[in-house]
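Below are structures written as structure tokens.
Both complexes shown next keep chain A, but they swap its partner, so chain B is in the first and chain C is in the second.
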Partner chain A sequence: MIPFDFEYYQPSTVAEAIDAFTMLDEKGKDPVYYGGGSELISMARLGNRNFGAVVDIKEIPECKVLGYANDNLHLGSALTLSEIIESKQFPLMEKSAGRIADHTMQCKITLGGNIAGTIIYREAVLPLLLTDSKITIASRRGVNDYWIRHLFHKRLNLQKGDFIVKVSIPQNLLQIPYFHIKKTTNEKIDYPLLTTAGLKTEGKLKIAFSGLKAYPFRDDDVEKVLNDEHLDFQERAQKIAIALSHDILNDLWGSAAYRKFVLVNTIENILQTMKDA
Partner chain B sequence: MLILDKKSVINLNVNDEEREVAVRPSDILLTTLREQLGLTGAKPGCLNGDCGACTVLLDGWPIKSCLMLTVEAIGKKITTVEGLKNAPIQKAFVEEFAYQCGYCTSGFIIVCHALKNIHPDATDIVIDDWLQSNICRCTSYEEIGKAVKAVLAGQYKSSPTPV
Partner chain C sequence: MPKTGVGVTVIRKGAYSKVTGEAKYSDDFVLPSILTAKIVTSTQAHARIKKIDLSKALAQTGVKAILTGKDHSLLCGPIIKDRPPLAKEKVRYYGEPVALVVANSEYQAAHAASLIKVEYEALPAVLSPSEAIAPGATLLHENLGDYQIAVLDNYPKAKTNICGHIKIRKGDIGVLEDCDVVIEGHFSLPQSDHVAMEPRTARAKIDADENVFIKTSSQSPFEVKKMIAELFALDPGKVIVEVPFVGGGFGGKSAVQLETLALMASKAVGGAEVRITNSRENDFVSSPCRMGLEATIKLGATKEGLLKAAQMTYLVDTGAYSDIGPRLAKAVAVDCSGPYYIENIFCDSLCVYTNHPYVTAFRSFSHESSTFCIERMMDKLAHKLKIEPAELRRRNSLMPGFTSPTQVRITNSNFGDLLSCIDRVKELIGWNEGIYIDAGNDVVRAKGIACLWKTSNSPPDAHSSAFITFNQDGSVNLNCGCVECGPGMKTTAAQILSEKLQMDIKRVNVNMDVNTKYNPEHWKTVASMTTYMLGNAVLQAAEDAIRQLKSLAAVIIKCHPEDLEIGEERVYLKQDPTIFLPFAELVHGHRYPNGNSIEGPVLGRGSFIMSNIDLLDKETGKGKSGPAWTVGAQAVEIEFDKKEYTYRFLKAATVIDAGKVINPKIAEGLVKGGMCMGLGLGSREHFTYDQEGRFEDTSLRSYKVMHFGQTPQYLVSFVETPQIDAPYHARGIGEHGIIGIPAALANALSLAAQVEFDQFPITPELIWQLKTGGGV
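And then the complex of A and B:
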């Protein structure tokens, strides 16, 4: 049971959502945008989050888009992970989304909720960072597209009142060779000890991480080392581990040293597996 | 735009019936089903989306009702275990002894019922993936797995509802 009251708004257009949020904010209601709601309800029940109103974006058609236009696959922010998986349009996103929580939770967790939520892993963002996708943001200033790598640095940097409408992934990158390895400490269904995801395009590997640090990320310098043919696989893995060794997570799921150990082994395996892809 | 700013009477479609409930916007679906509609099949376990004892179907898909606001269900079709009425999976659970205390059973039955409807040709990997959403502390899951596979293989059919 949630121990406080809040108001519920369910707009049917982007403009209604922005207007509702603005009105509620000006009234001091401390509104939040609401997608799947699993994170908000959990935190509200435990007293870790309080808000005066929710603006549920799930009935906005642009936020539920799943289709192609202008050589891009468009995925609405209010699509559930399950809807994205079942569409079978983007194998790497299928894998990433399919390892977030469990199957029934994937029927509720939304793409936007996972990317913009407060839980640090945000694994659904990895395929978007790897494909240099665009993200469409609605705000009082209008609806605009941004390169996700310009807007996502440790987390999605949105201004108050903004919300994600959709993401757009280049169609030519949907079916290329990829890898997705999620290591957990105990159970299959768990937060990541280390998730590595990547693509191979034009003979080069791209790689992104979640669970290694307190935020998901992709690092161009790491990719240079990953693709450095002057080094053997072990040397590349060791060099990457050293480059990433600052602020590695140290928690109940694993020590920083253990994560580093897993990282080296995982990168060596990836290089071996992907060399002929 | 739908606006609910206080406790309101709303209509929900539950087990193919239109039901009226009075809810606060912050009321959770699990609580509403159990306390206002007397549908106690879905159970409070962890209340955190981990155990699956609260699973119901929303437009045919399994969701954890402990992590859903009641008001989100407006315009949707909710199915609880009480609405299944002699589904093959229910018979299979009885025949295969796929329960002990029964607390997790309704959640498992709902998930398995949805699996059969959505993926009637589910492989072992898909079965495993779906059932990882539910926890049982009594059994070792073997009997539950057997029951699901038997239903997917067509060994159990729906029984006619007695008059």
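And then the complex of A and C:
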């Protein structure tokens, strides 16, 4: 039971959504955008989050787009993880989205919610970081495209009142060799101890991480070491682990030292598996 | 195709209403006028309550009453009356109910509850049993010496955190130091949760005639009636407890908690009906959980592996309040040897307060924890002496003539055939193919074994009863007070009646709910004692009915009642079955053609009370705790990755001596469910706390249970050695599937990883820590 009262708005266009949010904010109603609601409802129920109004973006057609234009695959922010998985257009995204939650929750969690919510793992962002995708943001200043790597540093840098409309992934990267390894404490479905996702283009590996630290990330220096042919696989793994040592997550799911151990093994496995890809 | 009796699989009573979603559970009864109560809970593990600010909450629309510790002076507990239903002056565990808001709607209650501010002054928190008994430890219950004790055989120690102490002094412990080999082990097992699908819920109302009605998801409706009547000084005849279907209990719903709060709430609003339902978080932490255990064990044996002496200290973490904790400590002591013969035992089992959530019964009533300890010790001994682990257990099995820790003499009837269970479980799991198999690529397959036994620790006067009535067509109604909470007790009771009357099970009707006003008393649906107690009562009631049927039929047929037999709803002459009377012409009396009627209706009445159960001797522990043991053997096979320290389940096998399997498919399902819980306990379930004792994994996001896709291949088999005093020789098996699984898993993993796991859950991180010391 959510123990407080709030208003519900359901805009049918981007402009209506922005206007509603602006109006509610100015009235001091502390509005939030609402996608699947899994985070919002859990947190509200436990008294960890209050809001005076929700603006439901799921009926905005641009937020539900799933198709191709201008050599890009466009995925709307209000698509559920299940819808994305079942579309079978982007195997790496299928894998990344597919291990986030149980099926029932996958039918509710939205792409935008996973990327811009408060839970730190944001595993659906990994394929976007790897493919240098674009992200379309609606704000009071209009609707604009950004490179995701410019806007995402630990989390998506949005202003109050902004929301994600869609992401655009270069079509030519959808089917290239990839890897996705998710390590958990002991479950098939759980928050990650370590999720690594990556691609191989032009003989080089790209890699992105979630669960290792309190935010998902790609690191150019790590990718250099990953592709350094002067070192054997074990040496590369060790060097990467040392480089990433500071601020490794330490929580209920696993200690920092254990995560580091898992990281070394995982990097070695990736190098082994992808060497002939 | 009619199905009759025991030993046959029949679809369980109530199955269709469950699978269609029609079945009603306690909180499914929607009443527009019902009020809702919500608890406000402590955010501290141990603290004085300085101030509770109710002002904002009281001003909210729809709020009818708010209660706190100041509004009552009740102390509850089945053994020691130490628990206030709402905290008074101090809180002793994170999640303890501190205030109770009663409002018109659930929303209004939740909203008002969120506006209540409590100020605490933190006190040092005691976070483990060993900490709790250390000299100078902070006391949780300064007034322990003044509490009322509801039983004769519990001895708390005032001015300490020890609320119960059972001693076993059998033989001569001096033998220990003369043994060929002595091994020692230390074990530490955390608390965990029942995680029943249906969270606890209760509702209460008082009518104009001052009858108190309580509807609750409980395994103990008659206990609820008794406790509520005592606590509120009510006439027990005016306390009516109703229990519809229960969505899983596992012991957690044998305790009385929400019922008390519901009635306090109802009283505060002039008797209006008030419901209170736990959120999942409340169910984890505010309502009682499974016990924790710390143990130190020394076993002495000959070099052939024969156990000679054991010295054991068990500390049961009972949490902030005792509830049934002292009985858990007793259960640990009673069966501390495992199903093995140990001539000399010196055991102290203490029940200890800590600032953890308080505990209650959990499937197998401490045996899942104590069995872990003894079965790990057996593997350590096997390893030390280089004796094959299954063989070591065979050599030490209790046999008729030997004695248990409390000096009960073992017989075939009260124990069963452990050796056959061991042999059969070895076959099922493929033990002789090898228990450590290197599969290459850093992968190892390993098997672990554990034996189990359990007797009950029910009070010596635990009892059950049953009534039988008939319908005009001769079909029968069984009226009984056991609760339908999963193991299918209603179906078991109906099958026993079906067997005795030789009647198609479809023609045996049984009440699926319990109402203490109409159903005859059954102690509690716990302890795997329902088949035994209720089954015997049902048999007695059936015999009573049969006597009446034969007596009446004898008059009409003009023969001796001894010449009559019953079957297929007829009473017939043994020497000529073509001479018979159908039940339909007897059960409501018999009417002659001229209209004269005699003798009826037929009513069957049966009672059962435990016999020769003792209070244990205070100094030696000598005494009979339960009518019999159920024994078994279990094994787990895992596949272990030596590089990553991860593992997965391949197979889990259980063989239990069931005496007589009443319903094969239900029995198999019951055991599999227990095994699944055991695997969950052994691999992933536990409560975690921060430094100050505040709960960290309060929801299913972080507290993990077994899921489909993670389960092994389950293998279940039964052996049948009669328990002579049991209905159709059937032993209790409800809990047993869980008992040896955490131990068998730990034994398999200890072998696979070549380290000793003396705790659970065993996670890959724990394996990595023990293997590598925790550094990179």
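Everything below uses one rule, namely that the second predicted complex is superposed on the first by the 277 of 277 C-alpha atoms of A that agree within 3 Å, B and C clash if a C-alpha of one lies under 4 Å from a C-alpha of the other, contacts with A are read in each partner's own complex, and residues count from 1 in each chain.
Going forward, contacts are C-beta pairs under 8 Å (C-beta built on N, C-alpha and C of every residue); 3 or more make two chains touch, one makes a residue touch a chain.
This is a predicted model, so every value here is computed, not measured.
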First, second, both or neither for A:1, with chain B first and chain C second: both
First (chain B), second (chain C), both or neither touched by A:274: neither
Touched partner set for A:120, first chain B, second chain C, both or neither: neither
Chain B versus chain C as contact partner of A:143, first or second or both or neither: neither
Which superposed partner A:264 touches (first chain B, second chain C, both, neither): second
Chain B versus chain C as contact partner of A:214, first or second or both or neither: neither
First (chain B), second (chain C), both or neither touched by A:188: both
Common interface positions of chain A, toward chain B and toward chain C: 1-2, 4-5, 42, 45, 188-189
Touch list for chain C against partner chain A, complex: 106-107, 110-111, 113-114, 279, 281, 643-644, 646, 683-684, 688, 696-697, 701-702, 704, 707, 709-710, 761, 763-765, 768-769, 772, 774-776
Touching residues on chain A, where the partner in the complex is chain C: 1-5, 42, 45-47, 185-191, 241, 252-255, 257-258, 260-262, 264-265
Chain B residues touching chain A - in the complex, by the definition given at the top: 1-6, 24-28, 31, 47-49, 52, 55, 58, 61-64, 66-69, 71-72, 111, 129-130, 132-134
Residue ranges of chain A in contact with chain B within the complex: 1-2, 4-12, 16, 20, 37-38, 41-42, 44-45, 54, 56, 58-59, 82, 98, 101-105, 107-108, 188-189
